[in-house]
Amino acid sequence: MDLHSIILLRHELLLTIAAIGVLFADLFVPEDRKKSMITVSLVVFTIVTLVGFIPANGGTLFGGSFQSTRMTDFMKDILNLAVLLIFLQSTGYLSKPENSWKVSEFFVLIMFTLIGMDFMISAGDFVIFYIGLETASIPVAGLAAYDRMKSKSAEAGVKLILLSAMSSGVMLFGLSLIYAATGSIYFSDIALQVKTTPLIVLGFIFFLSGLGFKLSIVPFHLWTADVYEGAPINITAFLSVVSKGAAAFILVIILFSVFKNISQSWEWILYALVIVTITIGNLFALRQDNIKRFLAFSSITQVGFLLLGVMGNNDIGMTSVVYFMLIYVFTNLAAFGVVEAIYNASGVETISGYRGLYKTNPLLSLVMMLALFSLAGIPPLAGFFGKFFLFTSAASQGFYILVVIAALNATISLYYYLKVVKAMFIDPNDEPVEKFRSTWPMRISLFITAIGIIYVGFASNIFEFIVSLAKDLLH
Amino acid sequence: MVDFSYTVFILLIPLVVFAITGIWGGRWKPIISGLLGTFGIATIFVMSLYTAYQYFFVVHHGGPYKPIVAMNFLWLPLTEHLHIHMGIMLDPISVMMLVVVTTISLMSHWYSLGYMKGERGFARYYAFLSLFTFSMLGLVVATDLLQMFIFYELVGVSSFLLIGFYYQKPSAVAAAKKAFIVTRFADFGFLIGIFILIYYTHSFDFLQITDPNTPIFETALGKTFLGYSALSWATALIFMGAAGKSAMFPFHIWLPDAMEGPTPVSALIHAATMVVAGVFTIARLFPVYYFFTPKVLLMVGYVGGFTSLFAALIAMTQFDIKRVLAYSTLSQIGYMMVGLGVSHYGGEEGLGYMAAMFHLFTHAMFKALLFLGAGSIIHAVHSNLMQKMGGLRKYMPITHITFLIAALAISGIPPFAGFFSKDEILAAAFLHNRLLFWVEYITAGITAFYIFRLYFKVFWWKDTQYEHTPHESPWTMTVPLIILATLSATVGFVPFSKFVSSDLMPFEPETHWNLVIASVSIGLLGLALAWLLYRKENDLPDRIAKALGKLYKWTYDKFYIDEIYLFITKKIMFNIIAKSVAWFDRHIVDGFMEGVAVVTEKTSEKIKGFQSGHLQQYAFVFIASVIIIALTVLYFIGA
Amino acid sequence: MSLSEIMFYILAAVIIVFSILTVTSRRVLRAAVYLLFVLVATAGMYFLLNYQFMAAVQLTLYAGGIVVLIIFSILLTSHISHRFEKPPLWKILAGGSTFVFGTGLTLWVLLSHVFTPSSQKAMEVNMTEIGNHLLSLNKEGFVLPFEVISILLLATMVAAIIIAKKEDNTKSDEI
Amino acid sequence: MIQGIPITHFLVVSVIMFFVGIMGFIIRQNLITILLSVELILNAVVLNFLVFNRYLFPHHLQGQFFGLFIIGVAAAEASMAIALIINIYRRMRHIDPDKIREMKY
Amino acid sequence: MNILNLFIIVPLLTVVVILFSKSIKTTRVIAAIGMTIQLLLASWLMYYYLSHFGVNDLHKMIFVSDKVWFPTLNIHYAVGVDGIAVAMILLTAIVIFAGVFVSWTMENLHREFFISLIILATGVFGFFISYDLFTMLLYYELAVIPMYLLIGIWGSGPKEAHAMKLTLMLMAGSALIIAGLLGIYFNTPTIDGHHTFNMYEIARYKIPLKAQRLFFPLTFVGFGVLGALFPFHTWSPDGHASAPTAVSMLHAGVLMKLGTYGVFRVAIFLMPEAAHEMGWFFIILTATSVIYGAFGAIMQKDLKYINAYSSVSHVGMITFGLLMMNATAIDGAILQMISHGIMTALFFALIGMIYGRTHTRNVYEMGGLLRVIPFLGTMYVLAGFASLGLPGFSGFVAELNIFAGAFMHHDLFHRVATIIVISSIVVTAVYILRFVGIMLMGPIKNEEHLKLKDATWYEKLSTITLVVSMLGIGLYPVWLTNTILGSLKPIMLKILGG
């Protein structure tokens, strides 16, 4: 291992060191002072995040198994940032007495998961991809059941682990078929061999379904709502932002590079999937009262939009996906942050419980409104830009009808986002959530997300930066 | 060459007066507004007379009376070549109208100082009068059709405002609405007529289109629709507008109701000036009608003839004195239309044209007088109904005498003004269209009958016991009456054909003595009949009415034209169309949009079973979807 | 028919029969044991295919590790004599149809695909080779997955601990 | 490769095993048996990889290693699943998938 | 800095300052100051334009500035105005100015109200100053969304449902717009192959007819929804009825014009060939809007519904005029945008004021109000006259241009449609006079109404501003038509040149 390899692997190595460091540090902290691990972990992870931003050129390691590009680095930075925000938001939750004994584990597990994602993103062959994927999902099942005293949480965990095991089984079966047809597990080799034969297409569909499961694309999404509802809010946020972000990114990479030759096929598959994903996500989100479940379906819809970008199948497509992910990090985490803050203060996690929130907690309501409007794609918030570029990307391939369908669905989504806004701002309530002060880390995270929501859309330099990264990666 | 540009003040002064009294009138004493208005009108009256003098005796002494555009500015460019100008065009008829309008307006203003004294909204009243005067003057001096249309609308709205002056009286409100809407409907035709004209000729400037030798109508004449040339349709539609303003059948219904307005308003607007705007329009476009669409001109004549007879018949049976006068107005305007309809072009041939204008002129004087006299009576008796009057000659001598003069004038008894003009119309009809001649001839008799029926019932009949003894009106009211009576008695001697003619050349009309005798005798016949029936209280009229039975009733109920209109508006337009549109909009269109939402919600409810919470079902959906997608894709890639 | 062929068909039959029994048996412990048979038979297949290392891993890790773990958990959660109810009809229909269609579709695709067995010389699969590959940093080397999977296992351990650990402050069950 | 046995025979076995696993996942009445089905699925996949490697690409070991790692991951997955199932059992005193439906719609 | 950016910066600054306001008194004063500056700016802009371009000059965009924003997609932040935009900006400034004064006593959540209102106006200003399609879309949606809060929080009646309906229908429209804009973007055959959102750049090329056939209807209907195109108008009566006064004013007065302006600038200007080809269908729709709206108004009881249906009718006339594709009719349509904007704002302002006094909007519960509130009554009558197209008010000028232009179309179908549309002037007169008669005239129906007070100074200020604007256009329209016609010249070249 020379210095260069270390630089290429810096995200993963740092995270590993940090995770194991925290794990060890935990051994030396007495039972009654476990809370201090929160601070320690936050500091450690902030350093990890910041160091990740040090620019470096890409390269490959391990004979092509590990591919680091500026784009993957950037994506890892986004994920780090998202996780940092989640950590900031989770302090209140972790400070509760029933969680104090497992504080470090929370951080460690998430960091391990993150390592898995980083490897998945940088994967150059399907073995690394698969192991990264599993590393990114198995511990999450444990985290979903983190509130182990709650039956909902337990249910979430078991549903996630069993279904994810099955889906990875299906995905592996697909990979085996692709291996049979191409004779390799390396992306670069497969890309040369892929052509439209039934075997490959079948393998591809099996593979796609597995990835679709992680991304919760309809009809592989059914676990999403239940797990999101049952898991602790931070984990829900993690699942909906970080897991999904990583999966979306690797989907783009694999589709654009490995399966480029059969794009004719996957574009039409995605076409159908986009429509059902957006529509079903919308139809289910309409009726939800539990805010987490609501955000689950909303995130399904958002993934549908994200696939529009994938359909672009060019650097604009990739850029729009990554850009959207960046925006999505801020937007969704703002929403989850508010949900978390309110839940910690009052235990309310239903939309009907949010009635009259503006009267008592105006700032939180405003952040929530910003987040929801951004999710709905209302200018000048970042979500508008993100969504517009996704549409642009799909339109660049001539899928105008799809854009119309998607945009009309965005209108339906606006309906339910507005329902939340309505609950907070318009509906009267005799007993609204009482006025409370959220923790400082929570405030910081909400502040960062709010700034992100407002600023990222206008910041064309970010977009252009991603474009240059995408060009690097794809050409 | 005399500079006529000062004529712009004839328009501007009333406008300014309107603005001032309209905005600040409520703040100061009412009488100030009245005086301001009256003096304003007096000024422009003088200016109009001066203009007439200049035009007829200085500039064009002895004719031909070429039109003069005194002022013109671009108001609105429609296309690159088609611009709407606002301007002042002086030609014989517009100068004549300037005089008529300012005269009657002045009289009305003056008269109103007494008549409207103490009314709430006195300033408003004068503001509206000024507005009307401005609009009417703008109409008569219009240089192009669209300017005319614009002022058509403006006189319409002034008329609306003035009819609805007593806006707290529901009947006044209804009448105002009716007047406006009926004329608006006619204006709709007018506008389309103008557009058809523009479409084919690319011109609506009077100077261009009224040139008898103009070539611009060729395409319009070439295109036909339902057997008539496009130009015919245009002119017919323009006549529709004219008929609306002039209350020709079937647009006449608004005029009797318009009597809800203050009486001086009826005198000014609904007798002398605005209602003849239609006649004026036809006269203005006379060469177009005569040379290019003679059939339409004939139609104008027939509509006029029918209206005049029809209205005269109704006038015989009415008891509201203002309504009698209103129907009389209809009838007289019908005369003017007949005059135009039967007229030919040039010199003696164009007698009808000249006669129509002449009748317009004289009619303005005597009809205004009749109305103001009626106003004076109403002022004294506080009622409009003949049944509540009688024997008034003792109480109101000046009113009585002036009214009698006017009645004689309208009956066509020499030497009063009406005689000359009506006789010339009859002569023209006699020369060119016998049918119309006979219609008008009979109408002349009926006219004399109903006006003297009115006269006798009000001033003779019986000695009614009044709650408050009626007394003669103040001088502010009687002086205008006297002035107008003088005019009614004398203006017949104006050598009108020297000034106004169809081809702008003065001419000397022949006198048809046989016609003169005939027309005077039928007038006297009517007068005598009225004398017989109504001089003293008796029950003969009632018995006659009974004997006529249905016929009388129909006439009394104005041949149910109002009811037909009501049926069309209330039943068809409101109840059928508007209600069904409202229903359709709420239930079908909006229902569809709501339906989309409901269907979405319902679907959402229906498919919730997919999210059953059941682990294994999720797995099944997962696998089944994979298989289905695979099958579909494999089918499509042709495996 | 050679010995290996006979072996193959026996193993295949065992795998298929016991697979089906695994998912149809109404006694959970038996199902686990049937699974064990399947796994062992699969290991036999690996031997046939000349993958001794994999067979060994299969036997130790899968048959030895996982199944034992599962059996323990069965003992924790069920009574041995307990027979569960028959699955409801919709499950049978759903499961059966997925099986039929899934197998049909996949086999149709696989059987219609012309696999051309490689004529290249087979690589020796001995422990040295495997060791070399596992520690190689180059292509065909698997040191990275090897490292990552260790992280995965560590993470799983930690996660399993927080799930399964008894809490001091809560009254635990008899488990 | 084994003389006399075509690759397709292996594939039939693995495919049947795979879909039996899937079927089992859907029909079983007990979370642990569902886990057993998952193991069947993964086992079938591993077999697949090995067969392909041996028959089609005997010159490298990629399939074998993939299979190896799948077994490793499967072990982790299984232990995690068992931990969670036991957790469920503690909460609910049963592990019947039909009754674990607190969250739905 | 480009002067046009002030139209964005001033409102935003106002919003920021309002954030620190403590009471309604300071809030409204700040808002009033901000919007007065805005009005002055707009007037100055108009003056500047008039003084620089005569009738026969070559009209150009002024204050053009173009900054690259997203270079990869060639998205620019491009601002610049021609005469039409200047006129629309002036309209917006007038209406928002009046709107602030109408909301003078908005006690409930005053800061939030004024902020939302001003953000709404910012969106509108932004839409009119920009000529990059992306920026336009951005501002367009920015203008639409505060409506939800404004109606939902400060509205009346079933406000939530109506606000939702309005927002969703408009956003559905904008969904179509997005697809349409992207279609235009990707189908413009630029020489260098770089796609562009620059409207004037696109106008230099001919989008292939096949693409136009898809994207013309998309953009037309998309913008048409905001222009209350039949049958997508149903948000308008409900939304307007529930909205607070200033919002109704701004929405009917200005926001609906965004729709028609978009129809003109995007659908027709960029895809004239399709507009020629498919125009007939939309002419049927718009003509239906005109007549249908007018008849729909007759049977209404609620003042706001009456005006909303009337707006459907009048705005239908705008799109109708635009579809006639000749300078006169389009000139008329743009005049109508301005005229209807002012007129309907006046209507809604008066309705709000009357409602504030009588606490009912049901016309049948009112009567004879002219006597107790003469100022408001008179203003209402004036607004009515403007609405029915009386000469002297702006409505007449606009309608005359539309009708004349439309009737000059060489195709018989267009002329027949025109006649149908013209007939609406009669129906309009019917319902306007009917309701004026019922509400303002006649005897007083409710004794309570005798105690009503007439307008306060701020009410007078806002209504007089609007009336004066109406008269300013109506009495002497040439200044405005010259501005519009001059700016139309280059546009007509594209539209007619094909």
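Going by the order they are written in, the chains are A, B, C, D and E; count residues from 1 in each one.
Everything that follows uses one rule, which is that contacts are C-beta pairs under 8 Å (C-beta built on N, C-alpha and C of every residue); 3 or more make two chains touch, one makes a residue touch a chain.
Please read all numbers here as calculations on a predicted model, not as lab measurements.
Shared contact partners of subunit A and subunit E, listed by label: B. Between subunit A and subunit B, the least number of touching-chain steps is 1. Averaging Cα atoms per chain gives one point for each, and the point farthest from that of subunit C is the centre of B. Chain-level centrality, scored on Cα centres against the all-protein Cα centre, points to E. Among the remaining chains, B is positioned farthest from subunit D, on the basis of C-alpha centroids.
Looking at contact counts per chain pair, the maximum sits at C-D. Rounded to whole angstrom, the centroid-to-centroid distance between subunit B and subunit C, based on C-alpha atoms, equals 101 Å. Mean C-alpha positions place subunit D and subunit E at a centre distance of 64 Å. Chain geometry summary: the mean Cα position of subunit B and that of subunit E are 36 Å apart.
Rounded to whole angstrom units, the spacing between the C-alpha centres of subunit A and subunit C is 31.
Listed for subunit E are residues 168, each touching two or more other chains. Residue positions of subunit B touching 2 or more other chains, listed in rising order: 608, 611, 613, 615-617, 619-620, 623, 630, 634, 639.
Counting partner chains per residue, subunit A has residues 127, 131, 134, 138-139, 141-142, 145, 148-149, 157-159, 162, 166, 170, 177, 180, 197-198, 202, 225-226, 287, 412 touching two or more of them. Across the assembly, chains come into contact as A-B, A-C, A-D, A-E, B-C, B-D, B-E, C-D.
Of all residues in subunit D, those touching subunit B in their complex are 22, 25-28, 34, 97-98, 100-105. Every residue of subunit B that touches subunit E in the complex is listed here, in rising order: 26, 74-80, 82, 84, 146, 150-151, 153-154, 157, 160, 164, 167-170, 173-174, 176-177, 180-181, 184-185, 187-188, 191-192, 195-196, 198-199, 569, 573-574, 577-579, 581-582, 585, 589-590, 592-594, 597. Against subunit C, in their complex, subunit A makes its touches with residues 16, 23, 61-66, 98, 101-102, 105, 108-109, 112-113, 115-116, 119, 127-128, 131-132, 134-135, 138-139, 141-143, 145-146, 148-149, 157, 177, 180-181, 186, 197-199, 202. On subunit E, the positions that touch subunit A within their shared complex are 69-73, 75, 134, 137-139, 141-142, 145, 148-149, 152-153, 159-160, 164, 167-168, 171-172, 174-176, 178-179, 182-183, 185-186, 214-215, 218. Within the complex formed with subunit B, the subunit C residues making contact are 91, 94-95, 97-98, 101-102, 105, 109, 112.
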